[in-house]
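Here it is, the structure in full.
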Amino acid sequence: MNIIVCLKQVPDTNEVRIDPVRGTLIRDGVPSIINPDDKNALEEALKIKEENEDIKVTVLSMGPPQADMALREALAMGADEAILLSDRAFSGSDTWATSKALATAIDHIGNYSIILCGRQAIDGDTAQVGPQIAEHLGIPQITYVEELEIIGDKVVAKRAIEDGYYVIEGKMPILLTAIKELNEPRYPSIRGVYKAHEGNRVKNWSAQDIKADLSNLGLKGSPTQVNKSFTPPGRSGEGEILSGSPKEKAGQLVLKLKGKYLI
Amino acid sequence: MEEKTKNLKAGAVNVDEYRGVWIFAEQRQGQLLNVALELLGEGRKIANTLGLPLTAILLGHEVDEIADKLIKYGVDKVYYGDHKLLDIYNTDGYTKAICDLINREKPEIMLIGATTIGRDLGPRISSRIHTGLTADCTKLDIDMDNRRLMQTRPAFGGNLMATIICPNHRPQMATVRPGVMEKSKYDKNRAGKIIKFTPELEEKDIRTKVLEIVKGTKAQVQLEDAKVIVSGGRGLGSPEGFKLIESLADKFNAVVGASRATVDAGWIEQGHQVGQTGKTVRPSLYIACGISGAIQHLAGMQESKVIVAINKDPDAPIFKIADYGIVGDLYEVIPEFMEALDGIDV
Amino acid sequence: MDFNLTKEQQMIRRIMRDFTEKEVKPIAADIDKTEEFPRKTVEKMSSHDMMGISIPIEYGGAGGDEVAYAIAVEEISRACGATGVILSAHTSLACWPIWKYGTEEQKQRYLVPLAKGTYLGAYGLTEPGAGTDAAGQQTTAVLNGDKYILNGTKIFITNGGQSDIYIIFAMTDRSKGTRGISAFIVEKDSPGFSIGKIEEKMGIRASSTAELIFQDCIVPRENLLGKEGEGFKIAMTTLDGGRIGIAAQALGIASGALDETIKYVKEREQFGRPLSKFQGLQWIIADMATEIEAARLLVYKAAYNKTNNLPYGKEAAMAKLFASQCAMDVTTKCLQLFGGYGYTKDYPMERMMRDAKITEIYEGTSQVQQMVISAAVLK
């Protein structure tokens, strides 16, 4: 059985800073990481591989040449194969064009049973690429997966909703999106790091390699455009710092809130 | 006209053929979600700006009373698709029913609540229709000069806002973050049109099967609707700190909120999380205890009417946006605060 | 000439940093207080090949190089000096001498489980009367048939009481002086071997520092490491490598302290502006950053030499001398920048400063490093 895991290399948003004047990201010195939800997706694939026989886990990423690092990290975690979809033709893609490119690549790989994606990437937070890939491929999907069981050619998943979960059954081939509750991703092993760097473990594919229709790619293939970006306007409160002993401060606060008819 | 149709973009359409503002009225087990009312509120403003009717899409089985309710909440027209196979949400059935309707009626705008279900459905539809979709919007505007929906959303963990447009594809689709838009008002005298139909669906169209629905495994945390929220952060020091937060919340009949740090640390369930990756709230009173005020937290609560901050660190950024700040140990301040509250009639 | 880390080394740094942030940092203050040995952390490190990074794959290690190993110790020590020394003592002082001097049988029996982290290792040289003057060994080993009988006491043994395997030095022939010292692989359950006093320390409190007592302790003859009389050479060459580990630990403590401080001075405001805007403080930060970078270059250079079979004794001594002074200097200044908060246990500075001090003392005091360096320079 073949499992394909889609993963994205993202800047660690905890470290991201914004140029306050231009309203753009300062990417210099921000570490790149495997998107966290995607790591959960990979971990699940690796767990399935450990618990079943004859499973091949292929990791697929679309991104600049540097995304090679994310794929090697995935190999160090235990993935069998890695493919980097990298081409200038892909740059500027929105979620529609991204999902189209990934779906085309997945078709090109062929013969898959499960596609695992993270729910959403921390740079964009859209949660759209997974379901859009499923639609392009014409296969069913279960999103927000927090527990997964493989039974023959079926999957049974606990799919999180706001106040509980649905238990959903689906037949392979199927696309699943993982949330962090699904598992605890392993660290790559140090030995795995060295193995991941042996020879040419990451395949590089261009748009031409996957026979992609150029009109569906990049900026040109993207229905949406960023009109502008800016830093969120800050709120400024009255900023009154109450003073005195804890008791006095508490007393003042009660008076203030009373004054605002909040008590 | 000719300019607009002559387009290089794949899947581009003649945008002038598309008219009307649609919202997806999500219901679960016969209960209309609050976010649907928020979409009605926002949709109404957009429809008025464009001078178009507001239409709701309702899917389910035997949920006629919801269709009526939607009218009373201000929608002009309801497409109500009633089908046994739509009783419980499923990706395939809902996608097909809505896509068929979009292809036939050609709406200009389609809004969906960014719930866990809306975010399953929206991308599937946009992918099939070949149009753009903007995720988790917190602000919507119309640019009348170009007749475009300006869709604003946070990105990079709330560090950046981006306004997205979808110039050549229709409908312009957005999922809208729950709790952000103002709900429409109920008016029992409102009238509108309910168009009930039976979507063309067969068993084999539905490829995933819901075996069970389990609710209440996560405490129902109604943060979005709360008038008062008392939130705890890393400054609590330990999970036990939330007991103190709860007792303070009880005094106000408030809901307990939490920062991402405490949720990540496993001190409290995710449902309580306020912020960019949690819920967006706008209560009358927000009391932040031991929360430093990372941008990702502020993104979810700065619309609160009055913000009170209690924190040991005088330099915590939360004080910059607070109306009232108390610098001090929350374990000393909160008990005093509760005692002072007891002294008056709440 | 190439100052860049390899891709493997860069990835190992990221993994170690991630591991440290999630597994080491959250408990560092707590285990410092309770002196609890971080057994679970060691197990997690083992399952990711972190306990034998520089040991070849065929002997249970990760097949990595000494720079990668130094990076691992550095990264762990950024958050917890105690966990850093556990890794360092285990890898440099227990795994390495078996790999270098052990028989194939000894390697299979002891090195494989050590490098996999199934066993923890320690090194016993220091005695109450033989610290800096390591040649003054009082512990004796007498061959009796197919076993050696060990008698004596070792003190200040890192990982003592927690380890499964000990590399122990003892006199087999006092008349030959240092050439009469031999090395032995001693299992923790050997008859006549017991753990004495566990030290309560100023810093690296979660690491175990124990007294080892040998009373007619029986060690099989095949557990002699190297040849009889080779012990002192084994001890000294092992320490040469160990110093790279301790220098990396010191480097980690210093760089962890500086990073915490940089965060702090950017946030903390006095007189209406962040501390980082005061030029006097900027100068201190600049000096510290420079010192740390210099220490890093010395540490990596020594590790590089060791990997590439170049002489590294002097280089390791220089790295340790400089990095340990750097750790002490930087943590002291960082604590100063934290002011009163730095002196409290609410912030990690006081712990880092306590942890830093030992790096100037163990595996050869700074004065010993100066002896090693001057001997090499003045020869």
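When the chains are written out, they are named A, B and C in that same order, and each has its own residue count from 1.
Here, a residue touches a chain if its C-beta (ideal position, glycine included) is under 8 Å from a C-beta of that chain, and two chains touch if they have at least 3 such contacts.
Not measured: the values here are computed from a predicted model.
On a Cα centroid basis, the chain most remote from chain A in this structure is C. Top contact pair of chains, counted by C-beta pairs, is A-B. At the centre of the protein atoms shown, by the Cα-centroid criterion, sits A.
Here the CA centre of chain B is 53 Å from the CA centre of chain C. Rounded to whole angstrom units, the spacing between the C-alpha centres of chain A and chain B is 21. For the pair chain A and chain C, the distance between mean C-alpha positions equals 39 Å. Against chain A, in their complex, chain B makes its touches with residues 8-11, 28, 88, 91-92, 95, 115-117, 119-120, 122-124, 126-128, 130-136, 150, 154-169, 207-218, 220, 228, 271, 276-277, 284-285, 295, 298-299, 302-303, 306-308, 314, 319-329, 332-333, 336-337, 339-341, 343-344, 346. Looking at the complex, you find that chain C touches chain A at residues 7-8, 11-12, 14-15, 18-19, 47-50, 53, 57, 61-64, 68, 72.
The touching residues of chain A, when paired with chain C in their complex, are 31, 33, 69, 72-73, 76, 186-194, 196-197. In the complex of the two chains, the chain A residues touching chain B come out as 11, 13-14, 16-18, 23-25, 94-96, 99, 122-132, 134-136, 140-144, 156, 160-171, 174, 213, 215-216, 220-232, 234-242, 246-247, 249-251, 253-254, 256-258, 260, 262-263.
By the touch criterion given at the top, residues 267-269 of chain C touch chain B in their complex.
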